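A, B, C and D label the chains in the order they appear, each numbered from 1.
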Amino acid sequence: MKLIARRKDEQQETTKVRVGDVIIGGSELVVIAGPCAIESYEQLLSTALEVQRLGATMLRGGAYKPRTSPYSFRGKREIGLETISQVKALTGLPVVTEVMDARDIEQVAKVADMFQIGSRNMQNYTLLTEVGKTKLPVFLKRGLASTLEEWIYAAEYIMAEGNDQVVLCERGIRTFETYTRNTVDITAIPALKELTHLPVFLDPSHGTGKWSLVSPVALAGVAAGADGLMIEVHPQPDLALSDGDQSLNFKNFAELMERIEPVAKAVGRALA
Amino acid sequence: MKLIARRKDEQQETTKVRVGDVIIGGSELVVIAGPCAIESYEQLLSTALEVQRLGATMLRGGAYKPRTSPYSFRGKREIGLETISQVKALTGLPVVTEVMDARDIEQVAKVADMFQIGSRNMQNYTLLTEVGKTKLPVFLKRGLASTLEEWIYAAEYIMAEGNDQVVLCERGIRTFETYTRNTVDITAIPALKELTHLPVFLDPSHGTGKWSLVSPVALAGVAAGADGLMIEVHPQPDLALSDGDQSLNFKNFAELMERIEPVAKAVGRALA
Amino acid sequence: MKLIARRKDEQQETTKVRVGDVIIGGSELVVIAGPCAIESYEQLLSTALEVQRLGATMLRGGAYKPRTSPYSFRGKREIGLETISQVKALTGLPVVTEVMDARDIEQVAKVADMFQIGSRNMQNYTLLTEVGKTKLPVFLKRGLASTLEEWIYAAEYIMAEGNDQVVLCERGIRTFETYTRNTVDITAIPALKELTHLPVFLDPSHGTGKWSLVSPVALAGVAAGADGLMIEVHPQPDLALSDGDQSLNFKNFAELMERIEPVAKAVGRALA
Amino acid sequence: MKLIARRKDEQQETTKVRVGDVIIGGSELVVIAGPCAIESYEQLLSTALEVQRLGATMLRGGAYKPRTSPYSFRGKREIGLETISQVKALTGLPVVTEVMDARDIEQVAKVADMFQIGSRNMQNYTLLTEVGKTKLPVFLKRGLASTLEEWIYAAEYIMAEGNDQVVLCERGIRTFETYTRNTVDITAIPALKELTHLPVFLDPSHGTGKWSLVSPVALAGVAAGADGLMIEVHPQPDLALSDGDQSLNFKNFAELMERIEPVAKAVGRALA
């Protein structure tokens, strides 16, 4: 059977996914930045203003956080959504945030411009089907041990319901290597470009788990043809409630943005 | 933090999980058998009668089937639940069946004696939390690429809600080997016995993906200390709508049951 | 092409590999035990006498040790070979010991009854070819990330030179799981029985990396149809120069041997 | 213990490895290109002339080929070395070629400018030690399932013998993904830059196994900070005796070289 998500032929254009004023999958490289988890209004706002100033055109921030342990910090939840709403009003940045439970879709949709489906939920078919019934774009992260084929089928679950605004995001797979948190499958980027017509992102923050490795891997993603990057940025990574090790501070994010531009240009892209 | 799921010391007894008249985690080895998916009343009933006659004390059968492709057979759903109800009335066998969506819990609970949480949903925290709020035992399969630690935390999500009737089921992990569908991590059985007080099952059908390998691996599981086995049995595996390659026919299941008994006895167990 | 190592049909008998008086691949289960590395005459002799008393019919002990770091203890080398010679004279136990370098084959062959090719060298084609030119049996461990197919081809390298006395030993593969040193692929045992006519061993010591898990996994191997077990035993595991964590002391080895017997009998085998 | 291979501090310069007139590890990006296996004088010469014209400054070509099956084409061997010698005389290109057997070192050293140690031999300690005793640079490929730490220790085996001219080459690791031959661990490049002072290469040909994916992954490697690329090029990939699927033809290699230059410049490098 011919999947909706599959590329028909080499000529087929990449699907344009529109998130507010931002177009993903066009000639411009899109940088989404922000904290792993929303911790406070001040934290999200200061980060949003800074990443916006430095060239990011979308904001990320988790209100609902999937955590391995039930006793870990699981996000500010409704308060986090409210914070998103306030920061959007001030900055105008479109926001992507994770939805973990089909019952939260309506509420999240009130403030989010794009749903994120996290790695653990890549094969949560209830969730895929339900976001497929909405009109909001979906940012679909790869499962920790999912093949490209399974990932494309997960996108198909969404698209089969009528929602064709899907972005695929490589965020590293689980391998035997322990020096890094995950192993970024950089080849997934051009491979997905062959296999599907959907835009492809890279998240080097989760992919590497170490802030010092984020920038070179981000540049690699751009060179490999990614349509965008998702980068974790935190005002004070040492104090972050989650993923501090892999978050860039403002200074490191500024340096990354400076380094991205010439690489993007070298592969025929402008920064959005 | 000391998890509820963790073993306190060597002396702590294995938790007894009661499913109808069946006790899991006691001195008797429990065999759960039945088809991957419920296809018809005749299929489920004939299988139930045969596996019961041969010594299985619980029935498995999927009404809701998670499938990689949205276009594959996804189970008989409500009709499947109705079939379970009818076959239970005739055979008296307690039934375990998968629940994939928190919104189905109430309906599934009307006919099931134990919820199954499948591999893809091992970190579906909504689902874990909601089955944790029920009184029904939960059969928690290991995620495809989940560590023992992550698996125990998934059990903790259920137990933290007050439901301590949890059974862990090893069903193979994803590795580089392609001859088998998955790689059975046999060491997980004694390792979990050290780490937790929960009963541990083995599913050699999904673990191997090949019917000819099911029996030797089932025996290995018993020898390694498993509290029970989950085995896929189908009247005509060649015609099965799912997982035919790994299903035993009645004759092969009969042979397996004959071979299990002496191995169980050799490690100090009787068949339930 | 039809490989020499491949099973012709279901009727074909398992190849009998003769090591001194010991027959591997027959109806009797063979236990090879001994220290990871030879540390001293006293250590090897005391271990040999004890494991012999408890039912092992072959001795293992490394004179040449492949080590990840060039600065680790790399074995007693020539002195270790001399120790093997002395202990054999006293106990009569046939000995398997690793050869790592084709240039050592002649010297090792003077004292060894069977060559071991370790995991790191499973695709060292020089070494495979050269042991293939000798008459000594070869104990071929699976590579850390080798598929069954690659492993059978490695055996073929030996057999193509005229040496058909090859034993395959599963010793765990590398996966994402970190609780155990490796992941024992228990299914490899029956799978190799289908694919080849060579005897198959299990090494639960390297497979698990933890002494407390060795016994249950050893029993699993017997139940799954292994022709034998290789077990690391050390008089004082805490003081071992290598692999102490996974070595059984004499008491634990005695308990294992007691537990093996009924399981072997349950699957139609006697202890050699 | 402080390894010779480990970086002392951030200031330490990358080791310069000199191969003929080529300097690896300096400011210029080095491209090594050529066929997987040497098949004929015409094949090697035509490829050498073409890749030289397009900007490659070193030639690769295998005379000794490690192959999974003993019955596959295993290289032209001595004839291949003679061909290397002739082509070097005509083109002046320094050549890297694999040595698989310590007994061949002397002969290979007569024509090669750099030894290649292949993935299967990354932990062949005999070979590492013996090339360590020579003065020739060593191109050390990562083992299929080797951690960064094990790889650095393999380099240490060479360096401990006095040879500090070692180049590390990432060539993909084995994972569950089957769409690509291996999974390129792009993060290994910056990670090794943190951990060691040795130059780091990327081989996107083996890494991906598909020629259509070679160019984007090559660019990713440059962006991530690689000191060079090793690329398989064949006059007629369809007719290649090995690795045809992953070899670029001359036209595709020309396109790749055009695309590399601006990316190299974007990260502050010139093409050698």
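Everything that follows uses one rule, which is that contacts are C-beta pairs under 8 Å (C-beta built on N, C-alpha and C of every residue); 3 or more make two chains touch, one makes a residue touch a chain.
In this text, all values refer to a predicted model and were calculated from it rather than measured experimentally.
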- Query: What chain is the most remote from chain C, judged by the mean position of CA atoms in each chain?
  - Reply: A
- Task: Between A-C and C-D, name the chain pair that shares the greater number of C-beta pairs in contact.
- Result: C-D
- Message: Between chain C and chain D, what distance separates the C-alpha centroids? Give it in angstrom.
- Response: 35
- Note on the structure: In whole angstrom, the CA-centroid distance of chain A from chain C equals 48
- Which residues does chain B have that touch at least 2 chains other than itself? 145, 149, 174-176, 178
- Show which residues of chain C lie in contact with chain B when the two form their complex. 145, 147-149, 173, 175-180, 183-187, 189-191, 194, 207-208, 212-213, 216-217, 219-225, 259, 262-263, 265-267
- Message: Going by the contact rule set out above, which residues of chain C touch chain D in the complex?
- Response: 1, 66, 68-71, 100-103, 120-121, 123-126, 144-145, 149-150, 153, 156-157, 160, 174
- In the complex, chain A residues that touch chain C: 145, 174-176, 178
